[in-house]
Amino acid sequence: MALIEVRELSKAFRVRRPGSGARAKVARMFHPAYETRQAVDGVSFDIDGGEIVGYLGANGAGKSTTVKCLAGILVPDGGTVRVAGLDPVRERIRLARRIGVVFGQKTALWWDLPVAETFTLLRAIYEVPPDRYRTTLDTLTELLGLADLLHIPVRQLSLGQRVRADLAAAFLHGPDVLFLDEPTIGLDAMVKSNVRRFIKDIRTASGVTVLLTTHDLADLEQLCDRLVIIDRGRVLFAGSVEETLHRFAPYVRVMVEFAEDIAGSVRVPQARATATADGRHLTLEVPRGDGAAAAVTSYLLDRFPVRDLRLTDPSIEDVVRVLYEGASGAPDEPAHV
Amino acid sequence: MSSATATVGRQVTLMRAFLRYGIEQQTAYRAAYWAHLWNTAVKVFAFVVVWRTLYAVAPDQFPVSRSQMVAYGVVAAITSEVLDWWKGPHYYIAYRVQLGTITGDLLRPISFPFQLFAIWTGESAAALLLVGVPAFGGAAVVLGGAVAPAGVLAGLLAVLSFVVSFAMLFCCSFLVGLVVLKTLNLLGVMHLYHGVLTLLSGFWIPLWFFPAPLRLLADVLPFRGIFFTPLSIYVGELTGTRLELALLHQVVWLGLLILAVRWAWAVMRRRLVVQGG
Amino acid sequence: MGAGTATRRAAGHYWLFLKMGIRSQTVYSFDSALLLVAVVFLNVVDLSLLGVILSRFSNLGGWTLWEVVLLYSLYLAALGVQNLFTLHLNLIDTYVRDGTLDQMLVRPVSPLVQMLGKEFHYRNLIHHLGTGLVGIVLAADRLGLTWTPGRLAILVLSILGGSAVLTGIVLGLSSLAFWTVESQVFGYGTLQLQEVVQHYPAHIFGTWFVRLVTFVLPFAFLNYYPVLALVGRAQQAGHPFLAYASPLAGVLAVAAGALVWRAGLRRYQSTGS
C-alpha cells in the first residue's frame, strides 16, 4: 500500500481584486470584488514508503498548496488524501507526530534563541524518549555539521546554516514522512549539495519517505527517484527522473563569451547553437550525460579565445514548455555561428 | 521669467502626483477606512457628552456658551483625527529608514521636506474628504446648528488659521522625524511627541481651563497654534485684538519652525550624505 | 483522554511555549528605556488633564477626581497584564500571512495554545502595569480606602479578570484575520471606545453605552465595575453582581474569543484565504 495517496485533490482560493485608479479604489471600499483561483485541480499520485519524490512546478503552479493539504494545514475542496494511513484533516495531531515539514522560506526555529533551545522544546512536545533523542540528535549533528551552530541564536545564522538546522528540527522526532517545500531555494551550490546528500543519507538510514517541491532540476537529478510535474494545478507528467530528463530536458546549456569577435562559423561537435546575440556570445545545447558537456567545454577552450564559460540546467519553465509542445529534437547537427 | 514658470509648473505636477499617492494610501485598506470613520464618530460622541455633562455641573466655568463648547468638541475631535499625527512625516521617515529606501527619496530631484509635505497634504486632504466631511455632516445632522462656527467671519478666519496650523504641525512632525532619524527610536519619540501635543495643543482640554503657570507655558509654546487657536476662533471665543495676537503668534511660530526645518534638514542631509557614501 | 488530562496537557504545553517566549526577550536597551519614559509621560499627561478638569468641576457624572484616577489606573493595570502575556495576538493577521500559523499547524499541539504562548512582553511590565499600580495606590490613599484582604482580593481578581476580558476581545477581533486580511483594523477600530472607557465613567454616556461596554465589547469590566466594587458603591452598577463579575467576564470573553478563533481557523483550513 502506498504511504501517501492523493486522489483527485482539488483546492481553490478566493482572492480580492483590488481596483485601479482612485475612483475604483473608493468604490471598492463599498463593494469589494473577488475572484476564485483554482490552485490545485484534480491531482492524483501515489508515493511508496522510502521513496524520494520531486514535486515540480513553476511558481504558483500549486506545489505548496498540495503540500499543505498533505500536512493537514489546509482542507481539500475535493478528492481524498491519506498520509501514513491517516486523514490529514481529521487526524491532524496524530499525523503531526509522524511527519516532518520544512518550509524553505520560513523557519520553524525560535528566531532569538539558540538552535538547541528549539530542539529541546520539540523534544518535549513530540515526547521523544531521552535516549532516542540523544542518538537522533547526535546523528543529525554529524550529518548536517551542526556542532558549531547549536548554541548560536537563529537570527545570526546564514540561510544555509538555518536550513540545515530546520532540516534537523523536522527530523528530531523520527517522522515516517518528510515534506520539504523548496528546501534548497536561495542556497549556494555547496550547501545545496550538502542538503541533498543529507536527505539521501537519512533516507538510507531510516527509510523515511520524502516529498520535496522544487523548481531546481539539479535537485531532481541528484536526489529524486521519481517526479511529478504540475502546472496550473494539474499533473502534467509523472515518471522516473532519468526518463523525464532524457525526454524533456535532454540538454544542458553552455554559454560562452569570446574575447574577440569570432568571424565565420564556430562548429562544435555534439552541440547545437540556440542563440547568438552577437559575434562574442554563443549559447549551445549539449546532450545531458556521457561527458558531452565536458567534451564540448574542452573543445571550445582549446580552439577559441574564451573569456567566460558557464554551464546551466534548463529551468523548470523550459521543461514545462517542452512538455506542452510535446517535442524535443535531438542535437544531431553541429552548431553554426 | 519663463524658467520660474517652468519650475512652478513642475512643482504643481509633482504636488499632484504626491496627492494621488496620498489618496491611494488613505484608501488602500477598506476596513481601515471604516475603522477610522468609526473612531472619529466615537471621539466626537465622547467629547460632546463630556462637555455637556460638565456644562450641567458648572456653566459659569466656561467662557463660551453650551453650544459653542459642543462645537469646540466636535471640530476638535474631527480635526485631530484628520490631522492624525501618529502617522505623519516622522512616521514616514522612520518607515523609509527601516525599509532602507530613504536614500532613494534623497536622490529624487525634489527637496525631501517638500516631498513629505506633498505626501502628507495628499493624505490629509483625502482624510478630510473621506473622514472629516462625513463625520462633520453626521454631527451636523444629529446636533443641528450647535456645530456651526460663531459667524461667517469666524468660520473663514478659523479655516485660515487651520491652514497655518496644518503647516505648523507638518514642521513639528518633520523635526520629530529628524529626531527619530538620529536616535532610530520611533516609538519612544512618538509617544513623547503625542504627550506634548495632548498636553499643550488644546485639542482635548481647552487651554482656558488650565491653571495659570501651565497656561503661560502653553501660550508661549507653538503647540497651542495647532489646535487651540483655530478652534477658539471657530467658536468665537477669540475676537478683536486677542484674535489678531493669536494669529500673529501662529504666523511667527510658523516662520520660526520653517527656519528650524530648513536648518535642521541642511545639517542632517550633510551628515546622511557623508554616512551614506 | 479525560477533560482534566486534556486541560493539564494544554497547560503544560502553554508553559513550554511561554518559556521560549520569555527566553526570547532580548536585553533592555536605550530604546525601551526611552519608550518607558514616554509611555509613563503620556499617562501622566492624561491624568493631569483629567485632574485639571476635575479640579474645576468637582465631579464628572458624580465621580470625584480620585475616583476617575482610580478608573484610569485600573484600566492601565489590566491592560498591562494583558500586554505582558498576549500583546502579540494583535499580529494574528501577520502570522497568517507569513506562514507562522502553518508552522503551528504541523506540530502536535493545539495551535491556540501555541498562539497564546508565543511571546512574553516583559517590557510592558512597567509601562502600563507599573504606572497603573502607582495610580491605584495613590487614588486609594486619597479616597481613604484601606487595603483589607477583601478589597485586595477584589483588586487582584479584577485586574486579572479585566486582562482576560481584553485578551478575549483581542483574540476574537484578531481572529477576524481569517475572514479578512486586514484584521489589525478591528482592534484599531475599538481604540477610541477603549479610550473613552478608560478616561470617563461609562454611565455619563447613557444606559445603552453601559450595556454596549458590558455585553458586546465588555471593556467596562476592566475598570468601571471594579471601581464601583472597590469604593463600595456596587449598588450603582446595573446589578450589584456586575461590580464583582470581572473574573467571570474574563472567562466568558476568552471562551468567546476562542470560539471565533476556532471558527476562523476552520475557515482558514478550508478556504486557505
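Things worth noting here:
Each chain carries a letter (A, B and C) given by its place in the written order, and its residues are counted from 1.
To be clear about the criterion, contacts are C-beta pairs under 8 Å (C-beta built on N, C-alpha and C of every residue); 3 or more make two chains touch, one makes a residue touch a chain.
Predicted model, so just to flag it, every value in this text is computed and none were measured.
The chain closest to the protein's centre is C, with centres computed as averages of CA atoms.
The greatest number of inter-chain C-beta pairs in contact is found between B-C. Inter-chain centre distance (subunit A to subunit B, centres taken as mean C-alpha positions): 52 Å. Chain geometry summary: the mean Cα position of subunit B and that of subunit C are 31 Å apart. Distance between chain centres (mean CA atoms), subunit A to subunit C: 45 Å.
Multi-chain contact residues, meaning those touching two or more other chains, occur in subunit B at positions 30, 34. In subunit C, there is no position where the chain touches two or more neighbouring chains simultaneously.
Against subunit C, in their complex, subunit A makes its touches with residues 11, 13-16, 39, 65, 68, 71-75, 77, 89, 92-94, 96-97, 99, 101, 103, 105-106, 108, 110-113, 117-118, 121, 124-126. By the touch rule above, subunit C contacts subunit B in their complex via residues 30-32, 34-35, 37-39, 41-42, 44-46, 48-49, 52-53, 56-61, 180, 182, 185-186, 188-189, 191-193, 195-196, 200, 204-206.
Of all the residues in subunit B, the ones that touch subunit C in their complex are 29-32, 34-35, 38-40, 42-43, 45-46, 49-50, 53-54, 57-58, 61, 183-185, 187-192, 194-195, 198-199, 204-205, 209-211, 214.
On the subunit C side of its complex with subunit A, the touching residues are 13, 16-17, 20, 23-26, 98-100, 102-103, 105-109, 181, 269-273.
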